[in-house]
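You will see two complexes here that share chain A, one where it goes with chain B and one where it goes with chain C.
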Partner chain A sequence: MTNYHYSKENYREPPIADADEDHISLSFPIEGGDFTHAGYGSSEIKRTLKKLAADPKIVRRIAIAAYEAEINVVAHAYKGRISAVISSDAIRVFIEDQGPGIPDIEQAMQPGFSTASPKVREMGFGAGLGLPNIRDNVDFLHIESEVSIGTILQFCILFRNE
Partner chain B sequence: MNRDYFHSVRIIDERCNGCTHCIRACETEAIRVRHGKAIIHEVRCIDCGECIRICPRNAAVAASDDLSELKRFSYNVALPSTAFTAQCPSQHKLNKLYNGLLHLGFNDVFEESRTNSIISYAVNKFLKENARIKPYISSVCPAVVRLIQVRFPSLVEHIIPIETPLEISARIIREQKSRLLGIEPEKLGIFYITTCPARVTAIKQPVGTEISSIDGAIAICNIINKILVFIDQVEEKENFCKAPPSANRWGAVGGEVRALDTDKTLSVDGISNVVQVLNKVENYELEMFDFIEAYACPCGCVGGVLNFENPYVAKQRIYIQGKSNENIIDKEMLEIAEEMYENKTLFLAEEVEPRPVLKLDTDMRKAIQKLEKLERILKDLPGIDCGACGCPTCRALAEDIVQGNANIEDCIFIRK
Partner chain C sequence: MRIKEIIEKLNLTVYFSPEEDAEITGGYACDLLSDVMGHADAGSIWVTIQTHQNIVAVAVLANLPAIVLSRGVKPQDLTIDKCRDESVYLLGTEETTFEMTGRLYDLGIRGTKR
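Our next item is the complex of A and B:
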């Protein structure tokens, strides 16, 4: 199993929203190869954030990170799920999939690195910019992957302390 | 300035039978039916006119000015919108209509389309000097600008900070006329002959500038219906058709981008299509484009609800008349464009502010509590979006309940 960890300077783990604290949970399935419906989960997360009082600039950072992570499941894995927990200080997003896994995450994080199939490239993806883009937009990122089993990607974006 | 909301779109109670067609057509969920009548939620309405388009009883209408307004001024200039040029079958007829305006009390006619080339000049120059944001979105359709403020607040910086052709036209008219005729600028009336309620509202209550230079807006259909009564007696005293055909292309979708130097452009028309495209912009999926022209109405401004001609017929006319690939430059306008670009008068004076009025609360904690409550209520509702409660969806009713504007018993399935 391989791991990758990133957190922004000064990042302090926000308290995990427990059952007592007010929070919103969302969860949506992702189907590998289904580019027609790709991005549904991240759109719903975005829509929810707009209903809450989230700063539009932060909403956009979340939208891009969630969208790229969701597309990676569609493009590279078989099936998966995107879930989000929104509390008043932060959003945590979890994307897990059953798929080929990522043998070398450090390498996958390099801008331009891609193993995208010709079909995926035809859909306009495969520039190798998704993962680095996620990292640039989040405050905390953790990836765990096991070859032939799947990948779990988690990230957190804080609503304050810009 | 008075920042109370003015809206051109309104409901005539006597005609409304509470049918609920309009509540579902509204992209900002601004309408509810209460006690059998449609009510527009003012802060949410963007004056796009979708409710007017869909209402089977003509109860949703667009308020615009009346010709009697001309009496306030000693000299009146009509400013027909670009789409006006497509309302009749030939240029000859068009000039007859323009001359007909003189019979209605106007002293002069200035085509809005003449300034389109000024705006194209400005957009071309601006896009070359500013590559920071991709894509920029046209500021021409005020319904789209308001849609962005309300539903896509993070995209306000994508709106190109360039004034609209109608504002620039009015400034040019005022400057030229008061100089040539020696009349005081306040004695000069400038009336836009409008395609849509969005522009009536944009004139009464502009976004991006403090006060509009236009004195009023009169619907195209009202004007043409009046002129048709006496069209045979109209003499063509003057030629008012001064805009080159390429400038008239702006009346239909696709026309605005044809005058741009970049090919990396996208054209979208119809408000639900615009919503889809803006969603993609928000996801950074459309960064390969430099510029998007987006029109709330199907076919572009020829599809505005206050037009006279059918939108598809009008669009076809524009395509045929503007077929040549040549972008003919109106030399007089080009000189003005250069000068106005340099002294910055072509730019919006104020930033377009986000207006995220769809959120549940301004406080995040409270908003989360409300959303939790909303989700709980939603579980009790049937989820079939029947509209009988007067809300566009079950979710919208749940939201109204949370906000204290409705009761669970408003749902007919719960009430029984």
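Our next item is the complex of A and C:
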């Protein structure tokens, strides 16, 4: 098992929404290799946030990070799931997959490093910018991966602090 | 600048046009989707030769109101359908990305400042 941890300076863990507090949970399956439906979960998360009248700049950061994470599953894994919990302070997003895993996450975080197939690259993905893009857009990121088993990526974006 | 004005001045092919006009506040040209998401400012018109429907998802997520397919490449049918669902302008030109961005620049459209 390898893992990677990043949090922005000044990042403080927002309180976990308890059962009494209003929060919204969303969850969508992701199919490996299915570029036709790739991004469905991120689009739904974005739609929900727009309805809640969240700050468009923050919604954009969330949508980009979620989409990159979804594309990683479609491009590399067999299947996975994206789930989001929206509370009054923050959004937490979890993306887990069954797939090849990431042997060296520090290396995968380097802009330009990619193991994507030629087909994926032809589509304009797989340039080795996905994970760095996620890190640049979030307040907190944690990745755990096991080779031949899969990867769990979690991130958190605060609704304030802009 | 309003998108309808850009379409008219540059004589762009319209593959799909939503009912609402859109304000274009910048421009970006790239075929790497992550780079576009990472660096294109919201409100930009985006010039690319990628034609598959994932470009629409990228445009929507990054708040880019219009995509221009350069060098005469044609969109896939699913891409047009997706633009209809998401109200994104899908435009085209026979010119290369280089020429197209030059013409947009001549109209006063500027890229993201680094």
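FYI, the second predicted complex is superposed on the first by the 162 of 162 C-alpha atoms of A that agree within 3 Å, B and C clash if a C-alpha of one lies under 4 Å from a C-alpha of the other, contacts with A are read in each partner's own complex, and residues count from 1 in each chain.
One rule holds for everything that comes next: a contact is a pair of C-beta atoms (placed from the backbone, for glycine too) under 8 Å apart; a residue touches a chain by one contact, two chains touch by 3 or more.
As the structure is a computational prediction, the values presented were derived from the model and not from experiment.
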When chain B and chain C are modelled together on chain A, clash or fit: clash
First, second, both or neither for A:64, with chain B first and chain C second: both
Which of chain B and chain C A:156 touches, first, second, both or neither: neither
Which of chain B and chain C A:86 touches, first, second, both or neither: first
Partner chain(s) touched by A:123 [first = chain B, second = chain C, both, neither]: second
Partner chain(s) touched by A:24 [first = chain B, second = chain C, both, neither]: first
Partner chain(s) touched by A:73 [first = chain B, second = chain C, both, neither]: neither
Touched partner set for A:39, first chain B, second chain C, both or neither: both
First, second, both or neither for A:138, with chain B first and chain C second: neither
First, second, both or neither for A:52, with chain B first and chain C second: first
Selected from 240-248, 276-284, 312-320 or 402-410: the stretch of chain B that, after superposition, runs into chain C: 276-284
Where chain A meets both chain C and chain B, residue numbers: 39, 42-43, 46, 56-57, 60, 63-64, 67
Chain A residues touching chain B - in the complex, by the definition given at the top: 22-24, 39, 42-43, 46, 48, 50-54, 56-57, 59-60, 63-64, 67, 86-88, 159
Sites on chain A touched by chain C in the complex: 35-36, 38-39, 42-43, 46, 56-57, 60, 63-64, 67-68, 123-125, 127, 129-130, 132-133, 136
Chain C residues within the chain A interface of the complex: 31-35, 37-38, 42, 48, 50, 52-55, 57-58, 60-63, 78
Residues on chain B engaged by chain A in the complex (per definition of touch): 151, 153-154, 279, 282-285, 354, 356, 358-365, 367-369, 371-372, 375
